[in-house]
Every structure is written in structure tokens, then in C-alpha cells.
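As written, the chains take the letters A, B, C and D, and residue 1 is the first residue of each chain.
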Amino acid sequence: MTPLTGYLLVAALLFAMGLAGALVRRNAILVLIGIELMLNAANLNFIAFWRYGPHPEALTGMMFAIFSIAIAAAEAAVGLGLVIAIYRHAQTTDLDKMNRMKG
Amino acid sequence: MITTMDQIFVLLQHWIVGFLPAFVQPFAAVLLSVVVIICLFPALFALAVWMERKGLGRMQNRLGPNRVGPFGLLQPIADGIKSLTKEDIVPLSADTPVHFLAPLLLVVAAFMGFAVLPMGRNMVLVDMDAGLLFFFAMGASTEVSVFMAGWSSRNKYSLLGAMRAVAQMISYEVVLLLSSVAVVMISGSMSLTKIVEAQNHYTWGMPHWYIFTPWGLAGFVMYAIAATAETNRSPFDLPEGESELVAGYHTEYSGFKFALFFLGEYLAMFSISGLGTTLFLGGWSAPFAFLEWVPSWIWFFSKLMMSIFVFIWMRGTLPRLRQDQLMNFAWKFVLPFTLLNLMVTALWRFMGEGWERWVVCSAILAVVWVVMGRVEMRSEHFGPRSYRYAE
Amino acid sequence: MTVVFYLIATLTLAGGLAAVLLKHLVHCALAVTVAFGGLALLFLSLDAQFAGFAQILVYIGAVAILIVFAILLTRGSELPKDGVFSRTWLVGLAIAAGVFSVLGWAVLESAQSLPQQSAVPAVTVHDIGNALVGRYVLPLEIVALLLTAATIGAVIVALHEKDGAQ
Amino acid sequence: MQEAISFTPQLAASPITGILWLIPVLPIVASGVIALLTQPKRKAAATLSIGSLGVSLLLSLVAFVHVVAGWAHGVAVRETVNFNWLQFGATNVELGWILDPLSAIMLVMVSFVGLLIFIYSVGYMEHDENFTRFFCFLSLFAGAMVGVVISNSILLLFMNWELVGLTSYLLIGFWYQKPSAAAAAKKAFLTTRVGDVFFLLGMVWLFAQSGTLLFYNHGAGSMEGWALAGLLSEHAAFGLTAAGAIGLLIFAGAAGKSGQLPLHVWLPDAMEGPTPVSALIHAATMVAAGVYLVARVYPLMQAGALTGGTTTALTVVTWVGASTAVFAALIAVAQNDVKRILAYSTVSQLGYMMAGLGLGGVAVGMFHLITHAFFKALLFMGAGSVIHGCHEEQDVRRMGGLWSKMPLTFATYAIGMLALCGFPLVFSGFWSKDGILEAAQHWSVAKTPFYMLVFGALLTAFYMTRQVSYVFFGHFRGHKTAHESPSVMTVPLAILAFFAIALGVIGTPAWPWFRAFLEGRAAGFDLHGFAEPGLLALMATSSLVVFLGLGLGWSLYGNKSPKAEAPDALEASVPWIWVVLHNKFYVDEFYGVTVIAFYAWWARVADWLDRRVWGGAVTGVAWSFGLWAQLNRFLDTSVVDGGFDKGCEELSTGGGLLAQVESGRVQTYLRILALAVVALVAILIWSARA
């Protein structure tokens, strides 16, 4: 196994874990945590490809990861703000109980 | 001879490492430096505690410790023995693993910061390209351990103290970072050694320290305020305000764990003073050209102890703020002013050499300082308190 | 593929797994902090110093703390009565496993065509700064705008509906 | 024509060009500061905006003197400062500013007239409660307008152009509590936007073709050298070159701002704004920005013309200008609102300027722009003084005999009116209008524009006489007694009146200083300028026309004092003409039944589509789901009995799955998303392998 494959596999596993967390947990905050994990896994892919890619001096993957970190911060702030707002409204963060948008 | 004195620790390290086989030498060199740091700073901690107790005593017209050793100098050792031999009490409902990990993480994170501080010429553990970023990354990690300590104790005072501490640290960390960014903008590097070297020049015998520029002075003042808040020192010591919260997030800690928290707090103080020294006070460089023969590490540590003394002095002088005042001060005065300072720094950078930039930059900063101060004083931030985190 | 890599990867994955599985929300948050830290170490092992430290600063210093605050503000630190996993957890798990198998398959499938080794890229913070204000200045401005908007949005969303102040 | 002395072009920027950006930035900063002031701080607001514009005027004068000095030394000054604003890959977006005779003279005009109007506003808006807001907008406008003038990049010009449009909108709707003002503001904004879309298209095309946004850049700008040549070799539709087509698109933008046919409808309505606004924005500066824009891109329009010839683009400009001139003048004859008469007069005069640009080049059009700016600002401010004095009365039929009550206003107004009519020899309007007529006479394509413009001159003299006799002569027909305005209003009037007369000096055929200055040639005093064939005859004709118009107007309206409600003299004699003219040729009504009706119809269609077609489709889908569920139930209840338990279960899970598609649960959606990703990745890899 080459180093790049190793990193990619770790990223894939982490992504799957994040997805599983987002899919199986009831709590909205845990879903957000899962999403953060998935984002991080994607970042790991970017960095790994940047490191082993043909043109690391172009910094493309690195920049992608840095911007993604910055955006993840915004995403976390807004997401958690939403969770708090919903909690104020419904007194719960349980996603199974949140189905008012049911079609 | 002068060079030898200056480089004595470096030479000593090389000499000791020279006895070892070649393949372990790099590891040994690092290990040696780590060991020295781990021993040195706790010793400084003991000294600082003595200084604080003695100095505060003097400021409050008391004698301070005077029983153990000459001038009470051995008091810290007695304290240490006491805390080591005390019973380690863990509350029954506490979250044991987290309760146990919290002080450890705090001390580890506090020690990490010293890795990138240049304590003398060629005396830095790792000369990292992104040293400043590393320092702040480590500083940010302490917040988690503070939260862990407060939450795992299952005690409302602990939790309140932790929440206060975390909120306060996050708010002031922004300021701390932004005021350092000004230095990065001018020196063009995030490596702390390069920042010191950029200040190690002299014109007419006077040093090129950044504190001697308008933006540097403003940045230093902001940095000092933020550093005081970041280390939870008076007048920003709300997280552990005895009269309100018993002892804040480490209420439920005793014995050696409590000592670790105590140590962590002082280590944070040392590292943050060390960073301030490096960024604004020229690090290990001498204050006058003719004093350059004094070894560089002496300068670094004397500047460090000076800032520790200022911390103690402030504690002896200023009353504690209220939580809402603290937050208002951070977001409505310190942060805007730091942002303005960033712009002024950019202006300074692009105006080029000459006296004009001194006049313009100082004028902008002074005017805004006065106007903002007046407006803030007049507005009703000092009115009735409002609770945000303790509903 | 050194021992260090395996250690860090194990730490990261353990953190991630714990974050997903642990009952107590605060423990989950602490576990995910571990995973974030492990990822930062992975970045460092990939010679991406800047990204690694930024990861620590942003994720451990801000996002983790934010999550913890959110948990405490929503009384999430109390254990829920009816289990932590949703009714259809099996489906979710199956789908996650499917995603992982497809991704893993893709990686292994293309393993031969991936580059094996390459020299350590000589990239300094200075280069990153230059790129940020040079080639990537427009994304940078947009991110700045986005962060401002997100800050305002988060404040508005989290405002008390009743008193409107604060 | 004098032979050109060889002027050396100067390109390096001088110190004054280096700080030229201060001229627009000062008023804009002032406006920002005023925005932070509270309403009671009137004095501070006025001081700030007048002070900042004063400094701008000083700087403009310095710049102007610099250009004139260079010119006197035989240097054609064209200094630019350009910088790179953004970079996308290999494409640079450049901004910059320029100092050349054209921008220098506009700078001085804009800041000078602007300053006078600012001072006048202090008096006019004295009792308005939103005094500081007014000065905030006014300062912003002044800054943006100066920005338009000094832009060397079409993008920077466009930004300022839009900013000017925005402030115009804000100021027309300044008294937004009046529904008519709010509607007028909206109308102005939307109508000019129509033109701006074309401008934007032209800009994009120009950028795509020439690869640069700068006008002048040491030979690499879009207005010079090889960029123009490239634009010429490209052919667009209808026999136009790309240069001409781009020029026409930009002209469409200019027509929107300058109220040319058919986009003139907003300008008369814009008179709902405060009178200083009408004077500054809708008479002197902003509406002239269109003319200035055409002058700025003139090389584009002119490119490819043979010696003495003209291009398609310039022909279009000429025809549009000449038609607007006559059309608006006709409407002005039958209006009763004192400001509306002036507004239509402005539209008409803008038509003259455009025609001048098309016929005789930059200098002819620009000279009329400058003189017009002074006397039209004077007329508007005079009208404002009259309105102020008559207690906000705007109907000319309710005025009369004011010459004795407001002597200063009357005197200055009369000067402005005579300048506008083109009263021979003394007034500036005569010389600038004569320049246009002369160019029209020599035009190689057709003679019709010449006759149209002469007819327009006759009408101008006629309607101005009508207005003046209504307002200042006869008996007073209003309700409250009128009074003279304070000196803060009359002093600017006097200053403007002086210039309305004096400016003519620099554009006489004997001393064509203005033209020489703009074209970078030497100017000399030479009485032989009058000796050009046909010139004296032309001057005589135009004087005759003016006198005819004045006489006609006086005979119909002079010194008669009809009651306020009595029908107009023209209405009494030829009613049908009056009706058509009074209703502005029904252009608004025409737009109402065509463009606006079309939009309303289209909106209804879209609404119908939304409700019936798309909504129907959604309902249909829902129905089919329902049917599917029904089918399932049917299978469940009737087929199951036989022992198909297993199959039935599967069917019900199928129905359950379908229902779960719209469960309202986040995680379900996420699940489907993940499944889709799995499928997508699998397909991708599969296809890559195959």
C-alpha cells in the first residue's frame, strides 16, 4: 500500500463514519458533528492529493483545504445557531420528532 | 568570550550530545531541550508565586510569606510538598476520565507553546515557519481542557466558571491574534526567530522594537489587555472570582491536580508574556546598542520577569470587571480598535520611510482612541447587568 | 507507511468512531475534538504545516467549543430517554457501509495509477500568503463576505424571538 | 481652420494627476460622514458638503490650470494613472483616471456649478426636516459625477454612472411621502436602466474585443492605436463595424441618461424632486453625463470615417439628437408647470448637444454642454426662487407680474432665458447654438437636420417668451403675496448670470479658444473667422429666427392678463395642436398600452403558468402517487388472502418507501443523497473501467 492510498482509505473511512453519525443519531448536534467529520475527510483528501500530486507548488489542494476550513467555521456557526433556534421553538433537538415539514 | 557566554547553553547542549552515538543525536538534542524547558519553567513558576505573594503583600501593606527560608523564599517548596501530600478528592458524580484528563491536557498544551519561543540567540526548540500560528493553535487547545475541567466536576460553580472562562478566552483570543497579525504584516514572517531578528537593529543606539512605533504601541496595549484576559488574570479574573464562584472551574480539584491547574495558569502567563516580548519588545535583543555584550537569554528572561511583575502589579491595583462589562469591552472597544490598528499598520507599510507616516499613523490612532473612549464611557455599558449564560 | 502514520490514523479513526457511538453528547464532542486533533496531525505528516495549525486553531479552538456551547444551551448533556440512535439506524448504517465500500473500492481500484512517492514540497507560509492575496484573492474576498454574512446570520437566527434584544 | 502646430503628447503623470482621485473622494467621504450625523446637525452637514466640494473645486481649478499651462506651452496634456484592480487568470481588470482637456473642463464646470447649487440649497431647503439627508445625497452625487468625469476606465465610469443614477433616484424621490415623487423616482430609475443595459452590453463587447477596459493607456487603450484598428476590422450586422456597433450601444446608455428619444419620458417627471436637484442633476450635470460619455468614446464613433465624412454611428446620433430637439421643444410649448417647461427645454437642448456631437465633433457638442449647464442651472434656480417666493406654487397660470416683486430673480432669469433662446451676439447660448447650426449646414449627408434645428430654435424662443410673460409680466394671479428670496439664493443666481453671458467669449468664430483647447491646437484672435463663406448669413438667419420666436411669443402672451383659469392663447386659436402638445404626444400613454401592458400581460401569463401548468403538474404527480398507493391497498386487501403474505409485505414496504420520500425528516433526505452519491461514483468508476 502506497502512502497516498493509506491516506485516502483513512479519509474514506472517516467519511463513512461521519455519514453514519449523521444518518443514525437522533440528536441534531450529532448530525452536525457527523457533517464536520465528512468535511474533514474531504479536506484530508485534498491535502493528500496536494502532497502527492504532480504540482504541489501550485497549492491548489492546499488552498481548497484552507478555504474549506474557513467555510466550515461559518457552517458550524450557522448550523448550531439553527439548532439552538429550533430548540427554543420545539424544546427538542431530536430529529425523529422534527417532521413538521412533512409533505 | 562574549559569544561564549551568549551561546553557553547551545554549546553545552552540543557538548553533552557529542557523547552519544550519531543516530540518537537529533533525538537527544531535542530531548535535552525539552527536559530543560520542563524543569526551568516550573522553577520560574515557584519564583513567580513567591514574587506574587510577597509583592501583593507589600502592595496591601502586609508582609507576605516570611516564615520559610530567608524572606519566605522557600515558601513555594513548602506549598508544593503540601499539595503533593494532600488527598486527591474526586466527586462521586464526576465524570472520572474527563476529570482526570483535564489538568493534564492543560499543562501539556501550556508547555507546547514554549517550543517556538526564541529564548536567546539560536535558542529555540523548533524554528517553525508557522511558529506564531502554532503558538495560537496550542493556546486555543487550552480552552477545551478548561471546559472539560468545569463540566466533568458536576458542580454548578465549576460549570459557570468554565463557561465564563471559555467565552472570555474566545473573545479575547480574536484580539490577541489580530494584534499579532500587525507584527506579521510588518516583519513579513510568522517565524518568531525572524520576527526577533527583524527588530534586532539599532539607529543611533536605539533599538527597532515594534513597541516604538505608533501601531506597535497600540498593538502592544491591545495585546497586553487581551493577554491578561486570556490568562484569566485580574482584572479579568471572573472565571475564578472567589467571591462569586468559589474557585471557578477548578473548584472540585484538590491536591496535585489543583497544583497542576495552578502551574498551567502560570505557564500560560509565561508563554504569553514571552510571545509579547518576542513580538513587540524585541525578544532577546538588547535595549541599547552598547548593551549588546550582555547575553541574549538574560535579556529575554528579564523582560519576561518584568511583564510578570506588571501582571502582579495590575492584580494589586485594579478591581474586577463584571461579565457584561468584560464582553462589551472586548467586542465594542478592543476588537474595533485592533482592527483599526491593522489598517493603520497597512498604511504604515505603504507610506514608506519618512516622518509623515509617524504623524499620520499616530494621529489616527490617538484620535480614535480618545473618541472611542469617550463614546464608550458615555454609553450605558456600565448600567444594570444582564445575564446571558446563566439564565 | 510508517508506524507514525498508523498511530495517528488509529487515533483519528478511534476519535471519529467514538464521536458517532458514544451515548453522552459531551463525550461525543470531546471525541470529535480528538478526531480533529488527529486530522491536524495527519495534515502535519503530509507536510501541510499551515493547514494543520489552521485546523487546530479553527476546529479545536472554535468549532469544538461552539459545539460544546450548543450542547449545553440545548440541555443536550442530559441523556435522552428513548435511545440515542434513530428508529431507522440500520438503514443508515447500511448506507454508510455502502458509501465506504464504494469509496474504498474506488481507491483500491485506482491504487496502481496513483503516484507512489514524491519529494517534500518546498512551500512556506510566505508562498501561501502570496497565493492568497494573488491568485486566490477573489475566493478570499468571497470567503470574507461569507464569514461576515454567516456571523450576522448566526446571531439573527440565535436571537431570542421574544425580547429581540441582545 | 488654422493649421495645427505640432503639439507633443505628454503622457507621464504630474503631481496633480496623482491626486486627482481626491476630487471625487472628498465629497463621497463627506457624504459618508454626513450620513452618520443626526438630523439636527444642519450646519455641520452643510459645512461639510460645501467645504468638501469647495476643496474639490480648488483642486479642479489647479488641474485645469495645469492643462491650460501645458497647452500654452504646446503640450497636449493627456495624463493617466492606471492600476490593476482585479486579476482573473490572465485577464486584468484595470481602473484609472485621466486628466485631459475634456475632463479638465468638465471637472471645473461640475464642481463650480455644483458648489453654487449647494450654496443655493442651504436657502432652498432651509425648512426641510431632512436637511442632512439631502446634503448627504447631494454630496454623494457630486462625488460620483466627478468620478464619471475623471474615469479612464469604462468600468470605473460605469460604476460611477450607476452611482449617479442611484443618487438621482434617491433625490427625485426625496419627498417620498408624495406618491407622485415616489413614482417619478421609480420611473427615472427603470427608464435609465433600459439604456444602461445597452451600455453594459457595449462595455462587455468592447472588453471582449479590445481586451482592455482603459480608454487611454500609452497606446494600448481601447480608444487608441491598434485596439481601434482591431475594432474596425471586425464587422457587425447592418454594415456597421464593431466600433460603430459598440459606440451605438454605449450611445443607447447615454440616451437613457440624457433623455433622448425614445427614453426621454423620465426627465420631465423627475421634476418632482427638490428644485436644486433639478438644477444640478437634471439640467446641468447628470443629464449632460450622457453627452460627455459620447464625447469620451468619440474615437470609437468616429473611427473609420473618411476625411470630412461621417459614420453610421454618428449619423444615428445626429438624427436622434435633432428629432429630440424638435420633439421636446414642441411639447414645451404647451406645458403649464414652470419646471416642466424647463425640463422639456432641457431635453430639447440635450438633443442639440447630441446633434452637435454627431455633426461637428466633440468641441461643438461640448461647448453647448458647458454654456447650457450654466444658463439652465440659472433658469432652474431662478424657477426655484420663483416657486419659493410664491409659496411652493408651480403653475405658471397662477403667477404673473413678478418682475416688480422679485427684481433680482427677474433680471437673472431674463438673462438665462435670453441665453437659452440664443439672443444674438451678447449671450453665450447664441455662440454655442450657432456652432451646431453651422456644423449642420455643412453636413454632407442631409440638410433636414439643419432645418429641424432651426425650427427648434424658433420654438425655443417662443416657449421661453411664453413662460417669462406668464411668470413675470401681467397681473399677479396667485393667492398669497410673493416675496424675493434670501441672498443665499440670489447671489449664486447673479454669479451664474454673469457666466451665462461671459462664456460666449471663448467660443466665437473669431476666437475659437474652446475648440482649439479641446482639440489641442493653438488658438488665436482673428476677426477673419467671421469671413468664412456663409457664416454671416447663417448668423443673420439664426438671429432672425430668434427675433421671430420672441415676437411671436410676445404677441400671443405678452402683457395680457388672462384669468388663471382662462384657456391658453394657443389653445384658443388652434385647439387640436394644443391638445396633442399638452399631452406630450401621448408618449407616456403609448408606453402604457405597449411596453407596460406587455409586461403586465406577461406577468399574468407567468402567474397563470405557475398556478395551472406547474401547479397542475405537481398535483398530477401527487395524484399518481395516490393512485399507486390505492393500487397497493387494493393488492393488500384482495390478493393477500390467498397466502401471498410475503409479496404483500414487500408491496407495502414499497408504498411506505414512496411515502417516506416526503417524510420531512432531514436524515431521510441525507440518506437518499448518500445513495445517489454511491450510485454516481459507481457509475463513474464503471464507465472509466469500460
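Everything that follows uses one rule, which is that a residue touches a chain if its C-beta (ideal position, glycine included) is under 8 Å from a C-beta of that chain, and two chains touch if they have at least 3 such contacts.
All values derive from a computational prediction rather than experimental measurement.
Excluding chain D while holding all other chains in their positions yields a single touching group, one piece. In this structure, the chain pairs B-C and C-D differ in their number of contacting C-beta pairs, and the larger number is found at B-C. Centres computed as Cα averages put chain B at a distance of 60 Å from chain D. Chain B and chain C have centres, each the mean of its CA atoms, that are 28 Å apart. With centres set at the average Cα position, the gap from chain A to chain D is 51 Å. Residue positions of chain D touching 2 or more other chains: 667, 671, 674. Looking at chain A, residues 19, 23, 95-96 sit in touch with two or more other chains. For chain B, the set of residues touching two or more other chains is empty. Checking each pair of chains for touch leaves A-C, A-D, B-C, C-D. Contact residues on chain A toward chain C in their complex (touch as defined above): 1-10, 12-21, 23-27, 29-30, 32-34, 36-37, 40, 43-44, 47-48, 50-54, 56-57, 59, 62-63, 65-67, 69-78, 80-85, 87-89, 93-96. Within the complex, the chain B residues that touch chain C are 98, 128-130, 133-134, 136-141, 143-144, 147-148, 151, 159, 163, 166, 170, 173, 188-191, 386, 388. Of all the residues in chain C, the ones that touch chain D in their complex are 86, 88, 91-92, 95-96, 98-99, 102-103, 105-106, 109, 134-135, 137-138. Interface residues of chain D, counted against chain C in their complex, comprise 86-88, 667, 671, 674-675, 677-678, 681-682, 685, 689.
Across the complex, chain C meets chain A through its residues 1, 5, 9, 12-13, 16-17, 19-20, 25, 28-29, 32, 35-36, 39, 42-43, 46-48, 50-51, 54-55, 58-59, 62-63, 66-67, 69-71, 73-74, 76, 80, 83-87, 89, 91-93, 95-97, 99-100, 103-104, 107-108, 111, 114-118, 121-123, 127-128, 131-132, 136, 139, 143, 146-147, 149-151, 153-155, 157-158, 160-161.
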